[in-house]
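My questions will all concern the structure given below.
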């Protein structure tokens, strides 16, 4: 049985990644999960300089989902490389550093620094963050801006470059193509869907930041749809995420076109979610006589040609 | 011994309209907690409610764990209605509990409402006949009084409505006590609602009394990974689930 | 206690509407709900000529939600006026006809015909449908197209005109402004979020139409956020919808800026949902000493001025 | 008398690993069903699973309703585990059931798998000693045999694996029977899985035998409002919950 997949030149022993921001820097879950058993570890989003993040409350539960407004709190690339990377290097697992910036320069700076560190197998750039040079409009909502920032990062790194797309757009395939045209080796989707919840007793937003990102099973139908749209629009591999709770959900994403999947909110519900999902994928392969997991990628059967 | 384990519900005692004690028996050996630590409980197998609920450890022995639960919303309702015989999964013990008292220090325990659950395990463990201030909205919200009285006679009860103990809030009661009594090297161990906590912290700061306070914040992972449960401290944002839930009073700026 | 609200010149006895497509033509729920007790009845979407709709399966349950791909099956405006409207006229409730088209002409044709019928209190135009003159791109995803089609309809009707917006866009406030600029008397949001689900055993889409619209509590955080965005962007009243299951959810939407709410999927879960929600709103008003429901509109308390 | 009502679970009998009978007692007077009608049951108070589950009425009297449930997914699992004493809400009776047989007609009942639930109420109501063809995958899936035998001796069982009755499928069994036996004016009443239904419809068409067939489709509202449950018929799309679930065989094109 072959579970290994290739994502932009990176060979992973299986298609299950941790979703950025939901698995800390790996340490926190090492007691529950054999990190070496994972396809890859994607770190919490990193920026050139540390970020304090948003004031609490930062999370709120919603029907079959949750909103978060962590505000990209992180210790910065430098401290990550010094303090966190050595721990991760002990394991036989590719480390993908997720990073972001609020300007093209910050993106480039973070990518450069991360590319010089030994032990990082790939980069995932999170473009669902506001661009201070463009009135705080989110990078990932305009294909030209997406193209610009991805191109700039592409120039400074030889590492496999994954671009993580925002679902808060009219046409995600357009954004995926912009990322591909700019040299991305893979795209990753979906990030959280912007949402909001109000405490009707206090009349205040339940998140101090007012809005936050919706994740969890509630958004899975949106994620699957977007992966399917992107899969048919680009040639680079797609990493699917959004509400994957078990092996069956992972298979659903792969049938829609994902080469690999990222597991986020599920870690909070079940700390062993990632390895449970790997086991679930194996079970499905056994039950369905599938030898190579890549063979099911985009294997959705559909007849209507007009779509 | 994993901190993520399955357990059987082996008891569920309804204390009042709002409080119950859930007793569970882990199906495998599990790490022992210490006072002030907590667990995250899965309240349903469905995707709604999705997140685990944090509960302080109330009592434990080799074969079981007990939680005191105050009815708040859907999650605590499900925990209240959980029939014995059912299965539940838990994550814990989590976080840092209360440290033990130093030489010559006089521990003073302070509990507001269901905060008693967090403070309770200290009663039998911090010296003999420890001082406990315990307040709640009304007499019906004061739980486990017999068990508490069995361990200490230094119990100061108060209720907002005066239906039991003195009328008024616990922090004022404690302040009056400190005015009247000379306590050698007092150290406070406290858990209660936000209002109590901030009044207490102010009072401790004014009087220069050290203490430990357990905080609550919304949680997702419980293990320090999501950064969802931070509170502002003198050292910046700290995770309640990891650096807390018990913090030194002087770290807390509010 | 005053529950009445005004939506684009239309006075409703309370702010609870039925969401189009979830309450049939009213008849189906008349046995469970006193139709005269509702703020308004919004009909299933109507087109100039009858539509057969999509092949089954048309619905699938998802976590805290459902996908539907009814395909806008309807009996057409003519038969609606002849066969269904007389029944509705018996009740003391404003009837709002929801309609759509696949071209500007069809929109205009349906609006004209509906405006000539006696007993229709208002029109709601659903622009979350594909435009055959623009390569089947959805009307409501381009502000210029939105402006064009709403302007054309505005010219042919004097009825209060509500424009129902699609959430599948980068910036819903932009669409709302386009509708307002074109003469809409109110906007209504959110329609369903496009999603998809796959049967991993058969590898086929769970909906014959492949993709469908996600509704129900899962999308409530998205709806609340969008209502809040639109409320601050336009002057016309906003009708909020998306996952409203009880009075508290309705209040949440009103605090975000909705003047009224539309109840959809909740009808399927609880056939008395609409009147239960009216009762729930009353309870909240009593408990919070609110005399006039309009006074809570947009009553969200938030401090950060930078948003 | 509303078709939307609360009921108490007053019995839940596990027949096998996959089947159970849920008995409920409505808390208020409720309209009586007729054979072939169905109810939508709320399986959880949470938002997941969200939609009600459709179940055919199996048996009823003034004070209670019974459903035969085959374990399929999460909803039927919740219904299987529902403890007596709990409360559940229902919507029904819904749809159009089976019409009675005309003068001189010989009703032939055909049930595949849990389709027996739909056909079962006809057994005691369509003449004496009615003919019933009942098939399932294996003997363990054949339910209520004692009750059925108490009402009719004309029972023809079949299983796919031959573990009870004749080996093979019900439709072939029925075809053989019709070949061997001369039945005056046969009219078929059938409910079963899709494969059985389409084979049966083909067979009826070929032989020009009239019949009524109960269909299944995913449902949301159950009352004809959402247009979610349509099937293709000779008259266009028809709603299973409203015009069905029982359709005339000749209306069904497949």
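When the chains are written out, they are named A, B, C and D in that same order, and each has its own residue count from 1.
As a convention for this text, contacts are C-beta pairs under 8 Å (C-beta built on N, C-alpha and C of every residue); 3 or more make two chains touch, one makes a residue touch a chain.
Remember, predicted model here, so these are calculated numbers, not experimental data.
Participant: For the interfaces B-C and C-D, which has the higher count of C-beta pairs in contact?
Facilitator: Between B-C and C-D, the larger count of C-beta pairs in contact belongs to C-D.
Participant: Could you tell me the distance, in whole angstrom, between the mean C-alpha positions of chain B and chain C?
Facilitator: From the centre of chain B to the centre of chain C is 46 Å.
Participant: Mind checking the centre-to-centre distance between chain A and chain B? Centres are C-alpha means, answer in whole Å.
Facilitator: From the centre of chain A to the centre of chain B is 36 Å.
Participant: With chain centres defined as C-alpha means, what is the inter-centre distance between chain B and chain D in Å?
Facilitator: 53
Participant: Out of chain D, which residues touch more than one other chain, so two or more?
Facilitator: Where chain D meets two or more other chains at a single residue, that happens at 47-49.
Participant: Listing for chain A: what residues touch at least two other chains?
Facilitator: If we look for residues of chain A contacting two or more partner chains, we find 63-65, 216-218.
Participant: Draw the chains as points, connect those that touch, then say whether the picture is a line, ring, star, complete or other.
Facilitator: Per interface graph, the chains form a complete graph.
Participant: Sort out for me which residues of chain C touch chain A in the complex.
Facilitator: So the residues of chain C touching chain A come out as 62-65, 67, 141, 168-171, 193-198, 200, 202-205, 209-211, 214, 216-222, 224-225, 228, 243, 248, 251-252, 255-256, 284, 296, 299-302, 304, 307.
Participant: Where on chain A does chain D make contact in their complex?
Facilitator: Interface residues on chain A, with respect to chain D: 63-64, 217.
Participant: Inside the complex, what are the residues of chain A that reach chain B?
Facilitator: 21-24, 28-29, 31-32, 44, 52-53, 55-61, 63-66, 68, 70, 73, 216-218, 245, 265, 267-269, 271-272
Participant: For a test of understanding, state which residues of chain B touch chain C in their complex under the given definition.
Facilitator: Contact set of chain B toward chain C: 47-48.
Participant: What part of chain D is in contact with chain C in the complex they form?
Facilitator: Against chain C, chain D makes touches at 2-4, 42, 47-52, 91, 217-232, 236-237, 242.
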